[in-house]
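In the part that follows, the structures are each spelled out as structure tokens.
Two complexes, one shared chain (chain A), two partners (chain B, chain C).
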Partner chain A sequence: MTRLRRTIRENAVPFALISPAVLIILMVVLLPLIFSFYTSFSNYRLIRPDSLWDWVGLRNYKRIMGDWDFWVAFGRTVLFLTVALNLELLFGLGLALLVNKITWGQRTMRTIMMFPMMFSPILVGFQFKYLFNDTIGLVNNGLQSLGLTHEAIPFLVDRWLAFFSIAFAEIWMSTSIFAILILAGLFALPKDPIEAARVDGCSNWQVFKHITLPFLMPFIYIAMAIRSLDVARAFDIVDVMTGGGPAGRTELLWTLISRTAYDDARMGRANAMSYVAILLSIFFTWFFFNKLMEARKHLGAF
Partner chain B sequence: MATVTLKDVVKRYGAVEVVHGINLDIAHNEFVVLVGPSGCGKSTTLRMIAGLEEISDGDILIGDQVVNQLPPRKRNISMVFQNYALYPHMTVSENLGFSLKIASRSKEEIEAAVQDAADILGLDELLERTPAELSGGQRQRVAMGRAIVRHPDVFLFDEPLSNLDAKLRTQMRVEIKKLHAKVKTTIVYVTHDQVEAMTLADRIVIMKDGHIVQIGTPLEVFERPVDTFVAGFIGSPPMNLIDGTIKNDTVVFSDGRSVPVPPDFSGKVVDGRRVVFGFRADVLMPKGHTLAESGVLHDLDLTIDLAEPLGSESILLSSFGGKDIQARMHNPRPVKGGEVLSCELHLEKCHLFDAETGQSLRG
Partner chain C sequence: MRNINKIGALSLATLMAASSVSASDYGSFDGYTLRVKLIGGAQYEPLYTLIPEWEKATGATVDILSRKSHFELDREMKQDIAAGNTDYCVFSNHTNFAPQYDVMTEPLDGHISADVLADFSPLVVSHATVGGKLFSMPRHSDVSNMYYVKSLYEDADNQAKFKAEYGYDLTPPATWAQASDQAKFFTDAPDRYGTHFAGKDEGITGRFYEMLVAEGGVMLNDDMSPAFNSEAGVRALNWFVDLYEAKAVPAGTTNYVWDDLGLGFAAGAVAFNLDWGGWAAYFNSDDSKISGDVGIVLAPAGSSGKRTGWSGSHSFSMTKGCDNQAAAASLITFLTSHDAQMLEARAGILPTRTQVWDDVIAEFKAEKNDYMVEIFAIYSDSMANHAFTPPLIAEWGEISNALWPRLQAAILGDKTAQEALDEAAEDVLEVMQDAGHL
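Entry: the complex of A and B
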């Protein structure tokens, strides 16, 4: 007992010093988290505040399990993520390899490359909404002026065209994240193993495949992890460009959740959806970090 | 037959010329060491032979084939790098077999070749490890193994031992020499360490400022250096070099002392010519502490400043002809600073160089 008291007395100052930080974290992170988790078990509706105390157990979760619209949005989000991440990797890698070859004006080029990242996603959404508009949009206008088509292509209306348009905006905005991280990897690339591989009989393509790419993989996985979190909560661009429509054809998880929470005012159910949706982010983070650790393990010799 | 021939090879970086038209013939199975201070162009020369640097002018031939335009992979060479340059994401056996895998050899063939190399270099127990799990010496051995699995026409070594500690360096030096005896291939080896050059080479190529200064067997460059640079670079401790003037068949130094012109040079120098007199510590020894040698001896009294006992011998530091010089004492006894010793100089093993150009006056 006295021992415990002594421990407390000795550590009183450190405890006192970190307590404000702990309190703030409790208030801004943990409490809302607990609150939202609680509401996912309630029939909470924003227009009827007293419904907060309406405990419904697992009903929200059960309904989600059978909710076709939710799972379509879930699947579409996974598809969106797969398409966007892979294309961003491809373009980012290409961009980084090209920029790495530049000997004059590389710094300027690197800065210019980052421009898309500096826009707010909402602005990017508006910009592409305008570009892809079927009556006043630049893209349609250009295609028609060139005589490639005489009709207005419904970029933001057709199911697949709209999906493509949104992915295009997302990729346009974020390819540079991949490019920058891969470029950092290329800067750190040791010259010796590459020269050794050239002497060992590798063509340029074989050097890239066997030496450069394995070395870049950790950087690629970091970019993947960051971007998978980003894209899994994609909202702004979609909301501005199509609003998840028309008729739910481009509905992603978070546009659906926000509609449920605010338009339908069913906060409890929306929170339940969020917790299911977060599983997706957790899975991707876990997956890419595992890959990262694996890839890094072998590069310890550097 | 894998000879290597360099004809007037020039390397320029932009306007700066770093290798100035060098010529070199390397025979089949010969072990040639390029040695020189840093920045002398020896590594650049090696990398041009490897194809990692383009040559600006001249020709490089491997065998009878001009390889100027060939990429490294078409030259059938192997290279061992200073920083080992192992592939960090592959195990030792994958590292060893990589070049054969690229050449699309069969699995059995690769395994046999890897096993062979592992046997030669004692890597058997390390085959499943990755480079990160190896010590410096082990990495060096893997790098050499990777070079020998391909049975290349030419081995290129780029300062392979300079990242190892002194003890390991000596050990690996022996292993490289043994390796050459075993696999009998043409070797071009770059180092800045003259001891490595002396111990390993069939022939030494001494480079300075992008020129070849002297080519010869280790004994030739040691005993008959063509100029003061080679004389000072090869051998440890470096050769004593003292400025002097010829007068009546003697070399007179700035402090008034003199020695006779060495027999090899008599009649080749006229009175009044300014020269550099050179001799190694080994040929100046205190009486009673010499190696039993006969020849033309010249007696000198030396005031010893300091003695460095090395056990079987001592290096004596003294001052002579206005320069700090070193002498060698065999079967040493303790020497106090300030003590005057009567020494003898083996004149036959002394050198004269031109004071301006530094060239040997042996003619």
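Entry: the complex of A and C
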């Protein structure tokens, strides 16, 4: 007890200085978290404030466990994440390698490359909704004018085409995040090991596979970690383009949760869904940070 | 049932004819600031240009705290209720969603005089009444009737071919069975489809609901348990499924809502279109490819003989916490007055006062605008005799959200109509249990 008192006394100034920050974090992060966690055990409905005190125990969680629609949306979110992240990585890597080769106008190119990131996701959603529309959409009209098809292709209706369409919009907007981060990695790449490899007679592919790529991996995993959090909470683009439909064919976790929370006003159940959904983000963050550590250890061999 | 974006420009022209207001009409509230939340959007804004007149007449000031679309305002209101933040006075409401806000709503009985109320269409007033209490004052109504491209129906070749194929004369559909035949007949994809329908959100729920009623079914039993997965429900849903399977509607119709439908019809993409009254002027405007070629008939009837007529009215309500209820009632009365309604009606929006129907039709007649005379004659009949609302309960939104993904699944062929409705009924049962109805 005296030790504690002494610690406080000796550190009074630092404690006083950090206390506003701690208080603010407690207020804006911890309290809402505790509150929302509590409501996930209640029958809280926004339009019935009294229902906040209607404790229902694990009912919301039990219902979610047996809710097929929720788990399909969960699985689809994982699939969406996997497809979007991998393709963004491939395209981003390709773009970065190409831009790295440019000797003239590279800065302009880098700026142009970042254009898609500058648009609001809602606008990107509207843009692709129009492009993929089955009757007045640019893509359909283009295909029909070129004589490639005589039918209207229902891009936003067909099960796989709709999934492809929302993934396309997401990838279009965010590939440049990968490209920029990988490009930063390429700029920082030491020249010595590459020159040594060339002297030893390595082919371009061997240099890329054994030197460039391992060196880029930490950058890639950082991009993956950031984007996995982004995509796991994908909402705007999907909500605008398909609203999770038709027939739930493009339903992702957050389109489902937002509808439950605000349109249905069932905040208790929506919060329970959110806590289950957050596990997904936690898993991906943990996974990519582990990979990042491994990649950095591997780099230590250089 | 609400978004009509093309009417704003038309309404502006009529603004100059705004009314004069005398102080004795609306009371005196010198120095008082009335806080309100109003629905925004091109269709709704022209009315608010009259507010300065009320301010001048009463000495009060109106502070508009929020001006958002119906769905955004709905979310905001739910958050207001949750946060106990309802210290404003007047808010835009909608008869079909009003029961959701009952916690914050001050019934208007006693605040609006019986004389004023007597001037409103009795059916519409009944739609605004929940559990015997007047929850809101109806501002304007929505109901859908059947617009069609006249030249397609008048074409002698079409008439002969149709008669040979279906055995009866080609006239605008009187029943939904005829509408189905005609949709298939007129389809010439991808250039033209027979028709299209709202395919998501409350749009498809509402269309299914009115078809259910026209087929003789009901949404809920008397004990509030779901009743829509009945034979009538399956028949109603199969009307949509059948047209989708026959490719007589665009494949993307399951993603369409009001703007897609209105603009599609105006672009000549379909032969007929069940749509709201607010679109009428736009269909016949210079922006429309079918201008001058638009006909209108009452919404067709289902197999029970009843016509479809899913309806609702935008309205104004008062909050329980309002600190000057007389001022709130005064503004609500002003915004639903004869002159205010004339302003909206001239733009093609359906009034709720019986006299306004007559007066606006007389105006259109004087202008020799036969098209709008015909439109208002049909819509007046529809609003007076055929319109009905969904069940007026707070859970309508939740019921709709449980239904529409299942309706889409049946339309797209993922499930049979019966399976889809049974699944939705299970969810609705849970909703009604959680809400304490069962």
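Keep in mind that, in the parts below, the second predicted complex is superposed on the first by the 287 of 302 C-alpha atoms of A that agree within 3 Å, B and C clash if a C-alpha of one lies under 4 Å from a C-alpha of the other, contacts with A are read in each partner's own complex, and residues count from 1 in each chain.
The criterion applied here is as follows: a contact is a pair of C-beta atoms (placed from the backbone, for glycine too) under 8 Å apart; a residue touches a chain by one contact, two chains touch by 3 or more.
Remember, predicted model here, so these are calculated numbers, not experimental data.
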Touch check for A:D192: first (chain B), second (chain C), both, or neither? first
Let me test your reading of the model: by the given contact rule, A:S203 touches which partner, first (chain B), second (chain C), both or neither? first
Chain B or chain C, by number of chain A residues touched: C
Please indicate which partner A:A265 is in contact with in the superposed arrangement: first for chain B, second for chain C, both, or neither. second
Which stretch or stretches of chain C touch chain A in the complex? 74-75, 78-79, 81-82, 84, 100-101, 103, 189-190, 199-201, 250-252, 254-255, 264, 267, 269, 394, 397-398, 401, 404-406, 408-409, 411-412, 414, 430-431, 434-435
Touch list for chain B against partner chain A, complex: 50-52, 71-73, 77-79, 81, 83-90, 98-99, 102-103, 130-132, 139, 146, 150, 156
Can you list the residues on chain A that touch chain C in the complex? 43, 45-49, 63, 69, 133-136, 144, 150-152, 154, 156-157, 242-249, 251, 259, 262-267
Residue positions on chain A within touch of chain B in the complex are 190, 192-193, 195-203, 206, 210-211, 214-215, 295, 298-302
